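Below is one structure; the comments refer to it alone.
By letter and in written order, the chains are A, B, C and D; residue numbering begins at 1 in each of them.
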């Protein structure tokens, strides 16, 4: 399905070039010390090629935001193992397979901030929305509240959770059009759309590219205004997945 | 008394599943809660929520149909029911924190008679994992806890005050163990049912807080 | 496109009944004094049939949340004219055609709270998300900030804007399935999806109903868990629209 | 001096449109700002945002193609360009407040040399209408103001301190009037261009604040 063009002048000739052929070049704005929002949950929606690219570029002192601190030697765990990471901000650092993180953490080589999963997403959305933060009910009275301001609304106690912006987001999507508009495959959205909003500079790896007008305006999950660069990787089997694989 | 085995994990899952009412939206934690999906009473339309953005999670597919982009929050393969909706993480927690879950079923290390519970961190470990538990517990209309009545060394897990780090205050509705169903009320713990082979006194002996024992304590249909 | 059923037991037989045939019956949980979130922006996405139904039920003392205080004698302006409204919470009360409101306001018969448009949406979303509020940069130092707490994040000043929940939302959508999942036509979403999240009880008027499975899970804008009741009205020409009309 | 007419509304719109750079996302307020869409320089790909959830707004359609579900925030009929995206109001303001607008073009009652501006409420009226202005102005990378140089009675609208109620602090980048283009800088107002037939002194005389006049003040290409 293609949508009628309003005939907006010069659009197709002069659109901002967002497509990059090389993972390495696409990552060339990452700097040591950046806060990097990394999409993915479980095996789904992890930008593995971008993560490997960061490892190869040998970046250092990154603060990595993800749901977990990685499993096995893949995803965020690989970033940790390669020594790229100074701090993780996650909801679930201590998984069964997060051995790489556990070792580094015990050795005092990586810092940790734990945030409830929904508040992690909401703090990033707040950054994307230009808000200073949110009043959170999650974790009131717990160790999560320690050191954070409390704000009462009526009789209800809330934790002031500040916005969590990223210098860069590394995310994964299913389809992209030349404007950078994105849709996601099945339940692979997870944190990806929120991270695209929250970062100053968003880099996407994507299964496939489609022509302008091929995505219905209302089905677009991440508008291209939140996307700076994309690399088409094709769909591939997640490195950590040992089961059967169907294209 | 220690010879009696109490309910199996499957039996606890079946008992808590019986609480779920027609039309409810429910979130299931790892372990026994996840098993509950197999025991929904016939004729009840229960919708399952998974915090990674799935509203309308269906059962595990056949092995050849597994798709890595359809996994539960517990990382197990799932399907989508007809009429399922997919959203991103922030909106998924609008569902959870915003009060749309009729019930959440979670595991716990300890439950206090105030309804406080602990499930994310052992006192002697440096860190724990919260995941979605704090958002889900604070938002759900009812929090059902499945856990063992005592630790392995016999220490009761139903207590007056938590010694484990708090997850969420004053939110637990009922606790389901291998020995009993215990409601958390304004008056504190109330024994509702005991497992076959157990008496109310057995539960009182394994609860480190006042336990109200009404006259009409039932037996769990196992 | 239909999606494979996971075979979830009993679903089709026993699904919660959300469909109502009568506008009047669908509205029977509205009470005098309720806070009512009313969707629509300009001519688009206004639940006109539901609004007329509220007028006919003769409700009183409603607090109405909308982008504007209505134009001409339609939409929110009709609610005002019929004497249903004690207070409006809007971003734009003083439009060229908001005569009904102006008259009532000058006569002291209706209260007014003005909220910046984006913050109005965000305060409702916060209510839907179970948050106590947000830290807003919009309106810092203006009359909008008067009487509201200020919270600093670093050197930046923010207004603490509290969550804005509704007792009821009256919204309009394009298609609904029996679970109440919604999609919207073209740019008619506006505040509707946010209001569906923010209200305890959401009532939808909708152009058409489709079968379960006809909406792709990822294209659904408002999941049915946010919808309590719906009435299929068919698509109709907005009462205030004087131009040509095409089905 | 009062005989000179200055730029027309269309000429002001054309001048401000020339500021818009290739690849920018822009929000247009009512009035002259909306006219700017007709004067985008050839070859520049400008994307237009409308606060009711439209990213990629195209020009007005033929009368027979008008659709009431495709209207700008100013309630005028629009089209969608190829690659447009539609979102709800909260996410639309994520775009605006979150800093994704390269520029916003708005009208104003007054602009102060601090970059403060006023556009939502007259001092003598009970209420005004904010709409999206506060969110847009606080978030946009650049705020361009189109307005007349003075009120109808000749009172300058470029001032040291606002007497009208503030919309947003320290956000205005440039002001475009029928007589001049004036930048707002750390040093205050700086005259950049004058309209044909006007001199820098004409603008100084109609500005109620210090106005820096560089040697190289240009003439607006009208």
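Of note:
To be clear about the criterion, a contact is a pair of C-beta atoms (placed from the backbone, for glycine too) under 8 Å apart; a residue touches a chain by one contact, two chains touch by 3 or more.
The structure displayed is predicted, hence computed values, not measured ones.
Traced through touching neighbours, the fewest hops from chain A to chain C number 1.
The interface with the greater number of C-beta contacts, when A-D is set against A-B, is A-B.
Centre-to-centre separation between chain B and chain D, using Cα means, comes to 56 Å. Taking each chain's centre as the average of its CA atoms, chain B and chain C sit 34 Å apart. Computed from the mean C-alpha positions, the centre of chain A lies at a distance of 30 Å from the centre of chain B. Contacts with at least two other chains are made by residues 122, 125, 129-131, 137, 186, 189, 217-218, 221 of chain C.
Shown for chain D are the residues that touch two or more other chains, namely 80, 86-87, 90, 93, 97, 135, 138-139. Chain contacts here follow an irregular pattern that is not a line, a ring, a star or a complete set. All chain pairs that count as touching, in label order, are A-B, A-C, A-D, B-C, C-D. Across the complex, chain B meets chain A through its residues 50-54, 63-64, 66-71, 73, 75, 80, 86-90, 92-93, 96-97, 121, 125-136, 138-139, 165-169. Looking at the complex, you find that chain A touches chain C at residues 122, 126, 129-137, 149, 151, 153, 156, 158, 160, 162-163, 183-184, 186, 189, 216-219, 221. Across the complex, chain A meets chain D through its residues 2-16, 125, 127-131, 177-179, 181, 197, 212-213, 215, 217-218, 220, 223-226.
Residues of chain D that touch chain A in their complex: 22-23, 25, 40, 42-45, 47, 49, 55-59, 61, 78-87, 90, 93-95, 97-100, 135, 138-139. Residues of chain A that touch chain B in their complex: 41-45, 67-68, 91-95, 105-106, 112, 114-119, 121-122, 124-125, 137-144, 185-194, 221, 237-238, 241, 243-244, 246.
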